[in-house]
Amino acid sequence: MDRTAYRLADIVARFGGQVMGDAETRIQQIGTLEKAGAGQIAFLANAKYRKQLEGSQASAVILSIADADATSIPRIVCDNPYSYFARLSAFLNPLRDYAPGIHPSAVIGKGAQISPQAHIGPQVTVGEGAVIGAGTVVMAGCVIGDNTALGESTRLYPRVSVYHDCIIGNHVIVHSGAVIGSDGFGMAWENGRWLKIPQIGRVLIGDHVEIGANTTIDRGALDDTVIEEDVKLDNQIQVAHNVRIGAHTAIAGCVGIAGSAVIGKYCRIGGSAGILGHLSIADGVEISSFTLVGKSIREKGVYSGIYPFSDKETWLKSAAHLRHLDDMFARIKQLEKEIESLKGEKV
Amino acid sequence: MDRTAYRLADIVARFGGQVMGDAETRIQQIGTLEKAGAGQIAFLANAKYRKQLEGSQASAVILSIADADATSIPRIVCDNPYSYFARLSAFLNPLRDYAPGIHPSAVIGKGAQISPQAHIGPQVTVGEGAVIGAGTVVMAGCVIGDNTALGESTRLYPRVSVYHDCIIGNHVIVHSGAVIGSDGFGMAWENGRWLKIPQIGRVLIGDHVEIGANTTIDRGALDDTVIEEDVKLDNQIQVAHNVRIGAHTAIAGCVGIAGSAVIGKYCRIGGSAGILGHLSIADGVEISSFTLVGKSIREKGVYSGIYPFSDKETWLKSAAHLRHLDDMFARIKQLEKEIESLKGEKV
Amino acid sequence: MDRTAYRLADIVARFGGQVMGDAETRIQQIGTLEKAGAGQIAFLANAKYRKQLEGSQASAVILSIADADATSIPRIVCDNPYSYFARLSAFLNPLRDYAPGIHPSAVIGKGAQISPQAHIGPQVTVGEGAVIGAGTVVMAGCVIGDNTALGESTRLYPRVSVYHDCIIGNHVIVHSGAVIGSDGFGMAWENGRWLKIPQIGRVLIGDHVEIGANTTIDRGALDDTVIEEDVKLDNQIQVAHNVRIGAHTAIAGCVGIAGSAVIGKYCRIGGSAGILGHLSIADGVEISSFTLVGKSIREKGVYSGIYPFSDKETWLKSAAHLRHLDDMFARIKQLEKEIESLKGEKV
């Protein structure tokens, strides 16, 4: 593919920042400090990687003001090199364009309203009464349920399922294999067997949400499951029925969120963490990877609960004592009493 | 959608229980105490939520005998409000009906026997010699392997894969993205590389099983993987080869079950728990979320192993000592010895 | 299905080893010691199961030299019964053959180069410029992105997604629902909202790799995500952007590997383990199930970090003390000081 080359001068005209060095330097693509070569611009967003500047073969670099003099490579100096890089990369690497229209192999239900500006790919099934907005791309093999609505400029990668009656906003991205609107895990125990509880709520997904590959979001049991705007969900996350995730929260891969948990805005949750059901988590909370949150968190802060790993022998020794902490504690108490009594005898 | 309205009198005639208050009250739908409005019936199944009765705008409520007088809202009093609610909701919210027949875009293999009462949706592929029973619904994009049999009144949501030679019972529900019958993780190490072991067992799934979205169930290596009747599996569960899960067991999301584990009947396993391979778990065992079961459990009971979370600083302090529990224990022993010796000197 | 019967004499002629007992014994299939019957050959690879030899109804057994006299059943004696069994089973149970050709329901993009020896199943979508090698089988409902290349003799089970520009080697097996090349979880925080970072790297997958059902492998952010040859990934594994997994490493189900982690060759990682981002793990490292690796591992060895489970009451007692280990430690120190001082007074 032929790429257009842009002068650093053109780039700062568009995105701000200042050029230091040759403003005529042309770049076509982004790269890492380590691997970027001719025609590529790298970035330094973390002082930890400053030593990589030295050997870099990049044609140009994006830097913070603090690092402006750390190299002689032609450079763009700006306030936030990481977001500068993000914007520039989005400009250099626009999402692939999909021509509007419905692929002849797609199956469209009665009464579906598909914008003439939408793209419906091969082997897609769209349910009855579904609504698909302008600029939205539904790629191969997706299945959209009856009466579900997708907003505008939303993109579903191949093989996404959205069940019936869900509402997905604008500028949403859903990756391959994700399932939205499946039944929540609800049943009643009666006479020695399970009775299924119909899951009649919906899933509501706000604007600018991104949902990772093979992530699952269950529909509400009675009320709705809600993902607010600008939430970012990585791959293989499980969101149970009636969960609410606040705006701008980011959740890493493999996290499980149990039913009716309410997660605040601006939270960050590490990979493989878990949130038990019916809990509330305040705005701005950060949860470490592999941590199970077993009760509500009322205060902003960082929370962790990870068993520290070690070589297996060391672990075996410590783990063996773990069950006996109660006994250990009682023995310390007893020792303290005996010391007190020995000291008493002295007096 | 126009919904039929039922009088409380009609409902108790059908489902039992007693009306208190106006038996002519008409309801069309179920709701929560918090959100139900006119025409909706809510339920109180847990005394914890009794205070929500006060402000409820529901037209009627389902209550236990103990709570019969806790409100003046027209109400149905019964033994088990939760299962009453489940039955009533299933009546008010029947599963969508799918007309029998095979969608013209479906691809049907040679010798497949599909009941004329089955529904085969768009873009479905049915393998050679597969059997699909009456009343069974196979939704868009499912792939059914050669010689696999689906029973009657079973429902596969969009994009389910069932590999060849598997047997799925009656009244089974499988949610979108689930994979049944994929190869187990079996290989032999030989001369510095892996040798794949053919997985020639099957998956057998009993009646009334429900399988969540993106859950995976591997086929047996030599013998079969077996899911007994009325087992309920939530989303994103991994069931390895040769596992057996006993009847009526319910397993929450993201659980991993390693090869040849045998899980009893009536068990309940919390989210993100793990079961190591070749273990046995007795009937009626309950495993907490996030707990790894590393050896067999012979007795009914509740079992847990969760690192309690806390603010990160508290966690760091305790975690730092965890590796030194063995040393701590030795020091307590030493202290005890010294106290004994000090006490001895006194005598 | 009619199966060919092979004499033990035929088998050792082909695979080596020695027959003890009747070399004319005919076998058609493999089975377990417990369940194999007439016409089946079982194997004993682990001395732990030696007592199962007694009651076995198998027509023949594969044994090590050490166990050669442990039974009178006709037997094949060899160095490595487990790999012998693997080879023999692969011979008796060859993968199903798929006839070359493109199913008429498949949708093939412009400029795609599909070997006439490849099999493209129903409802498959192949992107523009994609390349598919000889002997490769792409089963129903798979979606292959633009310019992606699949090597030779590779097999994609139904409903696999491979995004654009990825490269998959020869003799690779990918199970149903797997997603390869989805966007990594990359975004920059700017002015109170997330800015998506284009993920412009690829996924490169070496020869003889096997990828489990519903496993996800994200494409690189700038550089590539790399899975080296003969890596074996079980189901529901999440591999984030820019990860590298060394040759011959085997990873069990539900493992999460965060961005830019580098895992060595010949590693074995247990189920539901986690690897944090930007870490390095040496060759030959073994990680226990449920263990979070939170810093780099430089030395070969076995590493663990699992909270040992117990009955819930025991767990509650120990867990309650866990947050107070720091205090416990301080009290032990204090006790030691006091003892010293008491002992001092004696002198």
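Think of it as A, B and C in the order they're written, each chain with its own count starting at 1.
The rule we apply is simple: a contact is a pair of C-beta atoms (placed from the backbone, for glycine too) under 8 Å apart; a residue touches a chain by one contact, two chains touch by 3 or more.
As the structure is a prediction and not an experimental result, all values here were calculated from the model.
Here chain A and chain C face each other with different sets of residues for the most part; under half of the interface numbers are shared between them. Rotation relating chain A to chain B, from a C-alpha superposition: 120°, rounded in steps of 5. Rounded to whole angstrom, the centroid-to-centroid distance between chain A and chain C, based on C-alpha atoms, equals 25 Å.
The multi-chain contact residues of chain B, meaning those touching 2 or more other chains, are 105, 123, 141, 159, 177, 214, 236, 254, 272, 306-308, 310, 320, 322, 328, 332, 335, 339, 342. Residues 29-32, 35, 80, 82-83, 85-87, 89-90, 92-93, 96, 103, 105, 121-123, 139-141, 157-159, 173, 175-177, 208, 210, 212-214, 230, 232, 234-236, 248, 250, 252-254, 271-272, 289-290, 306-312, 315-316, 319-320, 322-326, 328-329, 332, 335-336, 339, 342-343, 346 of chain C are the ones that touch chain B when the two sit in their complex.
Those residues of chain A that touch chain B in the shared complex are 105, 107, 123, 125, 141, 143, 146, 159, 161, 163-164, 177, 179, 182-183, 185, 187-190, 192-198, 200, 214, 216, 218, 222-223, 236, 238, 240, 254, 256, 258, 272, 274, 276, 287-288, 291-294, 301-308, 310, 314, 317-318, 320-322, 324, 328, 331-332, 335, 338-339, 342, 345.
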